[in-house]
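All remarks here apply to the structure that follows.
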Amino acid sequence: MKKLSEKEIKKVLEKALEEGRKVIPDGHVATYIPQLGLVDPNLLGITIVTKDGDVYSVGDCDTRFTIQSISKTISLAVALELCGREEVFSTVGMEPSGEAFNSMVELDLNSNKPYNPMINSGAIAVESLIIPKASFSDMLLYTKRFCDDMEITIDDATYASEMSHSSRNRAIAYLLQSKDIIKTDVDDSMVLYTRMCSLSVTSRSLANLALLFAMGGVSPKTGERLISAETCRIVKTIMMTCGMYDGSGEFAVEVGIPTKSGVGGGLLSVVDKELGIGIYGPSLDAKGNSIAGKVMLKYLADELELHLFS
Amino acid sequence: MKKLSEKEIKKVLEKALEEGRKVIPDGHVATYIPQLGLVDPNLLGITIVTKDGDVYSVGDCDTRFTIQSISKTISLAVALELCGREEVFSTVGMEPSGEAFNSMVELDLNSNKPYNPMINSGAIAVESLIIPKASFSDMLLYTKRFCDDMEITIDDATYASEMSHSSRNRAIAYLLQSKDIIKTDVDDSMVLYTRMCSLSVTSRSLANLALLFAMGGVSPKTGERLISAETCRIVKTIMMTCGMYDGSGEFAVEVGIPTKSGVGGGLLSVVDKELGIGIYGPSLDAKGNSIAGKVMLKYLADELELHLFS
Amino acid sequence: MKKLSEKEIKKVLEKALEEGRKVIPDGHVATYIPQLGLVDPNLLGITIVTKDGDVYSVGDCDTRFTIQSISKTISLAVALELCGREEVFSTVGMEPSGEAFNSMVELDLNSNKPYNPMINSGAIAVESLIIPKASFSDMLLYTKRFCDDMEITIDDATYASEMSHSSRNRAIAYLLQSKDIIKTDVDDSMVLYTRMCSLSVTSRSLANLALLFAMGGVSPKTGERLISAETCRIVKTIMMTCGMYDGSGEFAVEVGIPTKSGVGGGLLSVVDKELGIGIYGPSLDAKGNSIAGKVMLKYLADELELHLFS
Amino acid sequence: MKKLSEKEIKKVLEKALEEGRKVIPDGHVATYIPQLGLVDPNLLGITIVTKDGDVYSVGDCDTRFTIQSISKTISLAVALELCGREEVFSTVGMEPSGEAFNSMVELDLNSNKPYNPMINSGAIAVESLIIPKASFSDMLLYTKRFCDDMEITIDDATYASEMSHSSRNRAIAYLLQSKDIIKTDVDDSMVLYTRMCSLSVTSRSLANLALLFAMGGVSPKTGERLISAETCRIVKTIMMTCGMYDGSGEFAVEVGIPTKSGVGGGLLSVVDKELGIGIYGPSLDAKGNSIAGKVMLKYLADELELHLFS
């Protein structure tokens, strides 16, 4: 990573925002969940927090939005902590799938487990592992702590909207149950999964979460260990190979920062040992990733030399 | 069809039964629904009814068993009568699938409709078309009339067992809902589908149903038209191309009698304009078809010249 | 089948031609082989020959066109005669595939054999069985005899055009070789397969071939047995379930006459024990079947009661 | 990376070799190419070269073996240099496939391009891009220079063996041609592809190549730029996400060093900016990766803190 002055960093961020705004019209907000379709596509914000505690924010950084699939990183981390990696990875794989996030084809053809915890089938399986060990309120508390944001709550309107448009996820959950991959009640898994997706965050919350992963699980603020180093390593690696749906490979080449996206428009990006980056930009590309967010990250990666192999 | 004396036909049936019994040990009763696994695999019976009203029965012809997938022919017939072929075939296709009866792969890849009404996805879609037009008690009455068997009821133990092992069918139903193929409540569709599968019949009931299809929908007993000729033609053709799961093509070549199987061990075979054949033999081959039943039908087809192209 | 006078039959044929012509503009000639793209889409002809030797022809009945996939019925028949059904069906299956005629997906997923002899993979496998037992000139002689047409030759321009656009079929052939399904040289199989597809016939030749199958393999003219009854039964059944590519199921329901199509515009239709029908209409529907030919067959099936279950 | 003394590094390497040897019996040498099946499975060697020019070798480091799929990194690098990334990635994707290295399923279903350049279809497509710009002798020269090994030649016996067992790769190549993905002659592509796979290297050659990638394309010996930094970044990223066939995701989590394997038993591992590692261990796991090599790399990653996110 390049060393820059505070002023230079701010300038880079302003420029990144400007670059991002240009491509907003090329994307669309998610519409498969009606509530998500009501969002203003022009919102765009980014927050960077450094290991030294500096915070840089530009754009719509205080706007709350639903975390959606980014919660998969939290659930994976908690499941690894509570159940151990052996149990988790005997239930869900670690391989990129090459398929869309909600495909059932591979799961039906390859009978034993979902490809990875970042696609819906894998994440639902992860929730089912958590259920015997932690309640939703436990999970909410973990999320608040990991994100250093005590304001996080469920966005009720989005939760209701998702639950009433959950046919495909229910299909996935029942397929998992029919293959004995999940042992809990399907409804319980669906409720926990959908609640986790409906948590309301800001780009700042995501930047804090990213920094926690970057620092190997030790809170940069309090010095307290919240997650084990091994769990952080696993989560970061899987974000690298599987974090951007079926655009993960290209993103790794182009940007090279472990990142997880959500259809709410969020991006969680980890610059290992250095920075946490959180982005909000609800206009999505065809693969479901924030279109302006990707442009901003590419710009930052180039300017600040953040690519893993830069 | 060969013309034989009553005595000759009886002898052929006895010999068929004998041939069938030899292969019973090569198969297994269905076990994916626990209740089906309790059945005695050695049961075997066949009933033939002729257009002239003669009835020939050998073996376990009075044993009741659940109709399972054979009910798909009844539901298809009723849906065609109540909704019209246009509505039915805009919801479900007519093509053999080449896949197992409960595959979701093709449905997920090919988005618009299930391949045909004889696989689970297609049958569940058919039930959802029926729901606004007929209740289960209507359907039960249709079944009793078509089978000329007023004793038909739900086998409660099997129904309960199926409902508690219905994850895969629920997965299919939710996938159908997510693609807007079914518009009714998933639970309603599942209940109607599973109830229809749990109806308790005998080989005689099936033989009567087969004869009704063979006679183009006119009751051979009362002369009353119960089903239109066009509906019967459609059902018979789809039985020919899709009736034996992913063994349909081979069965058409080997035996050449339009037949629908059920995992309860039943076979419904239509010798057009001549005979109805009903079989019960719960030992199944790897594709889910009665193993002894197939041998008996092959024997009958050869001896009585029943192959469509014999 | 309805009994009609000669005059009535002619009238029905004239009307069928008229109905067929209406839909020609809804289709397109095949273009994936450039030579086929040069054909006049408005050509349309039909020939019916009866078991009593009557011949009815209307439209473009003397125009020669390439037989294409219809040759798969001849190759299957010859392979069954020369190698026996056991060898043939241990190499190729009998199940409809639900996929397009040139798909490789199922073959790669399901490793042991092509679904059936009417799709390209299955037909190439059949040619490889024939190669050790018969030369192309043998095959040409069989074809001439079966079609009672001594004028049949290779259409050299089409053959050359197909050979230079055979990448996909070569891909299929090498995949078959890699799975040990074909043991002969890939080039030899490709040459025989493509030559058989390039044979030049008329609707009259096809009607004769269809009648031969209808009569169980005995030449209606000479009384000589050219093909065994069992082989004819197999070919007719497979035409019924697999003859119209991934439109086979719908065609069976709608028309109910065992038929094989070719992308050259030909249709071979067998009315068992009664008629042979040959059609030429190069304007194809989206599945590769003669669009006007299908309309004509539907019209004939209704008027003459030719549906298997009519 | 941990800083260790020369003596400590040697000790770690000895221990790694010992660990690796334990698992050799759990794997098997590749047998789908007969010549590879003749190799002694107990061979095992590792070479590490550092940016400072130190070289550490233990085990069978002078044994030559065929580079196989590891050549895909060289071909990708050359194609990027000669054709530019735009042309390369309009022909082949960057996404992990989730499928075995020689699957054709996704390519047939997803029509436009192979998933990535590390699977056979992608690599054959890359060779076809190179053909108009570089001959095999050019490629050999590139390889010698990149590996700093002037002794590299084709292993003729392996080349001959592969060419006579190339049906599946030919199937892939013809499928690529049928989709217009490759424009060159199939035989030319097959020859170049197979020649590149048949190049004979040592663990030392691979370590040199790895170090070249680690140093961003500048020869650590001469200071000469052999490959652009951008090309190196792309190759390293794709090695990270796709380098270990359908075990890439798990390997990234467990070991976290960008690595490419070959069925000849080689492993090429890049510790960015620090080390090049080359391994030879022909006993393979079920996914085609050196079973002892993986254990050695895991051991080294733990001991020397080489995981990308350690």
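Labels A, B, C and D are assigned to the chains in the order they are written; within every chain, residues are numbered from 1.
By definition in this document, a residue touches a chain if its C-beta (ideal position, glycine included) is under 8 Å from a C-beta of that chain, and two chains touch if they have at least 3 such contacts.
Model, not experiment: these values are computed from the prediction.
Among the remaining chains, not one touches chain A and also chain D.
Centroid analysis (C-alpha atoms only) places D farthest from chain B.
Chain centres here are Cα averages; for chain A and chain C they lie 55 Å apart.
Averaged C-alpha coordinates put the centre of chain C at 48 Å from the centre of chain D.
Across the assembly, chain A contributes residues 109 that each touch 2 or more other chains. Taken as a graph of touching chains, this assembly forms a single closed ring in which every chain touches exactly two others. Touching chain pairs in this entry, ordered by label, are A-B, A-D, B-C, C-D.
The touching residues of chain D, when paired with chain C in their complex, are 103-105, 108-109, 167-168, 170-175, 177-178, 186. Considering their complex, residues 93-99, 106, 115-116, 232-234, 236-238, 240-242, 246-250, 252-253, 256, 258, 272, 307-310 of chain D touch chain A.
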